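Dropping the structure in here first, questions after.
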């Protein structure tokens, strides 16, 4: 380590926040850009699976709640792109990397939302897993990222409660609604477990990221915590977690559970999820169809500036 | 009249059929092209209002019947374009005139189909009015047109019976279905009366067309015949024709009835019907979107011909 | 009473269907800011729908709820303006529809804020604040697109021309409108036109767009005769309530 | 019996949903001949659906009809191939989907014509004649588009690439398939592949198109896990039956 790097690491170890204009190692910057960018992309791609049910929400109240949630997600995307911009990369650059398939978004959004219960399960499980990842990141070393996380976590936990409320309604509803709820849990359980990433033993970059406090916990720690939190919630709903080997382990004070099918995880990552092409295709189409609109705003701004300049002469 | 014209008129008066390669006055040719072309366009635009309910047909049987009907309409379009082609105008030329708004199609198709009962009412009233127009045209002087009409009339009367059968089901159905049936009659009654064209006193070109046996009856004659046929059918269904002044006139042996609102007729003709822009827009879009397809078939045929020629060398 | 119920449906159905159309953009807008703004507009419109249809149900007094009205009527019982059921088209088309609606909606709500029925006045006062913002935003964007590039100008003008025949209906009253106007519950439909015209002159002028001079107006939406689009909207919107009758969500 | 019911749904739902998709083109095809031909294909598919779902209802023995099965099940109870619920895309995309399906459908029906269940054999023999014509037509058009202009070649190849991952599902059997195969009612799913491959090699070769070499296959449709598209199809298709329960049409 160079003296600069050493000093940088000491600041982090002391719990200081790193701010945009301060010196940072190139690797730190790059890792953060990748991580924040992927997170931002996940928020905007994440609008699509839930957006899929807005026009079909079963009551006006549910429609309004879902709209507000999807709007929040777009807002989270905005905070996160802004945080990434403080590291010297523009939102448009990040979007282009997304559209070119050079940056990822969370694989969970490559699964379809097939019934209304998925609006519950996404809130409960997907937002639940996201919060599990994000809460520790409120203490991350990079100031703008940490502050974005604090805002986001507040809203996410609200979303999670709303999702659980939908599940509750369904689980206490008609037989068809109960079936929807169980079906949603069946489909989304393992993909939610995958959200924490591969097992620590297979996870790359982890040690350095943890030293830099960009990553605060290991994947397996968070996954265990998620299972321990979620299983009792499922039981309360009267739903069955689709894992025959799930059982409480008194000794470790947590559940033993089956690993997700990691070959499916890598398959989806490689582009073969149920919705990869549709999701990315929808985003690329939105971007391309909107080019004329964005161009017009730029040109109008130039015209207006020119007029102001002329008026000032 | 020139001697040629005189001889031509005598042939028509004797009831002879005029065939494609035979001499005919330019006006006869032009009038026929306009009339057959408009009729052909009406068949293909006429696919749209009924096509609107195929994906929503209430039973598999009704869906199949409706599909078969719309297919027949496209087939009628084909016969009629072929008949027009014998007069020296290509289908593509006629389509371009349609798309440019220089040729019309029947204004009835500028009204929307809003409930399933409209599938009944269109068959009953619109096909009914069309048949009323077309049956005499089986005896028209131009051979290919006459033969096309004979084939078409056979299928149309089948369609009309199917439409009436739908109305019967609806009129004997639930209160909501009865309401749909009455609502469809309310909306389509006057537009159906308009299908015979303006009153004889306001109708242009009529005398010459009748002399040429391109038009066999006056508009008012056919309209009266239609009303006389349709009113008892409506009564049998238990539906009310939306005309408070409708009543049987013993003396003339037919019904007295209210004229449609001719200002609406001319409005729709001028492009201001409920669906003019959507109907023509749909056809233009189909045509433009399909250009690459038609081009490919041409190019493939050329390639195949070249290969055959080369093989033959 | 029936005229009052009808007037509330005419308003509540319009906000419902426009909210539906706007929400179709969710996740597909040309910029993230627009995704957020459109979701916000849709959210406001759905919120207003809950209030207007809720009041309509109360006025009707048959024990129906706002959700019953939204989810269990077929197209012919809907009373929304034809304008709001028009397909979204491109983003400029959607914005133009929004602007034409907002300019009317804002005037209407100003009028309703002084309604003789305090329940109406209260809802309108709340909604007017939201809609003032909708109008500000759609006006601003229409100006920027109209006076942007050649392409954006062309698209925006085409949208205006295509939507124009659907605006006249906003100002044509029937006898039910006359009844609620006479009782001071709703403003007279036609009375909203001068201010709307003025807004258009101002905004479209700045946008360098040409206001069509055709007086032709499609109508029927407010009496229940719709375009072919509404049936598809409702089939989608109402699916769950229709397929699982009586369930609680 | 349950496996037999399931097998019939898998087939009948596939013809129903493909018939629906094809019928969406009605009046919008690029040439009048195509309008006619597509309506004809849709008509055959709906006709076959009536027979397959009718037999399914009979086999189930719960008093349901073909219409009940078509109109009163939600997406998760549908058993169609994912391929048939894919959106139409451009006309080349629709044709390619049709060709990939026809080539499989034709082999399946040949197998079913020799079914140990005479009702199945009878329906299949009738349907096989129709589908032989579908395949002839879609093959011919795929060749003409593949070996047409540069643009038609590109569009057709893109369609093939996009649809390819949805073809594998046609040949993957589960234990229900195994049960009906063991009883000689249905042919083994995997056994259909060689002839299908051969048809593709022949037709796509002549069309100068490249068969993708990815073995990846989306699956789940035949077990009830669909794409997001099916829900929208059903909302539209089932609207009248859902909104007016118990009515006779």
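Labels A, B, C and D are assigned to the chains in the order they are written; within every chain, residues are numbered from 1.
Note that a contact is a pair of C-beta atoms (placed from the backbone, for glycine too) under 8 Å apart; a residue touches a chain by one contact, two chains touch by 3 or more.
These numbers come from a predicted model, not from an experiment.
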Fewest touching-chain hops separating chain A from chain B
2
Quick check for the class: compute each chain's Cα centroid; which one is farthest from the centroid of chain B?
A
CA centroid of chain C to CA centroid of chain D, Å
41
Let me have the rounded angstrom distance from the C-alpha centre of chain B over to the C-alpha centre of chain C, please.
37
Per-residue overlap in chain C, given as positions that touch at least 2 other chains
74, 231, 235-236, 239
Contacts with 2+ other chains: residues of chain A:
56, 176
Can the chain contact pattern be summarised as a line, a ring, a star, a complete graph, or none of these (other)?
other
Using the touch rule from the top of the page, what pairs of chains touch, sorted by label?
A-C, A-D, B-C, B-D, C-D
Any idea which chain D residues touch chain A in the complex?
74-76, 162, 165, 216, 218, 220, 225-228, 231, 235
What residues on chain C touch chain A, complex-wise?
16, 19-20, 23-24, 26-36, 39-40, 42-43, 46-47, 49-50, 53, 66-67, 70-71, 90-92, 143-145, 147-149, 151-152, 155, 236-237, 239-241, 244, 246-249
Contact set on chain A toward chain C in their complex
44, 47-48, 51, 54-64, 67-68, 70-71, 74-75, 77-78, 81, 91, 116, 166, 169-170, 173-174, 176-177, 282-283, 285-287, 289-297, 299-301, 303
Touching residues on chain B, where the partner in the complex is chain C
52, 56, 112-115, 176, 183, 187, 267, 272, 274-275, 277-278
The residues of chain C that touch chain D in their complex are 74, 231-232, 234-236, 238-239, 242-243, 245
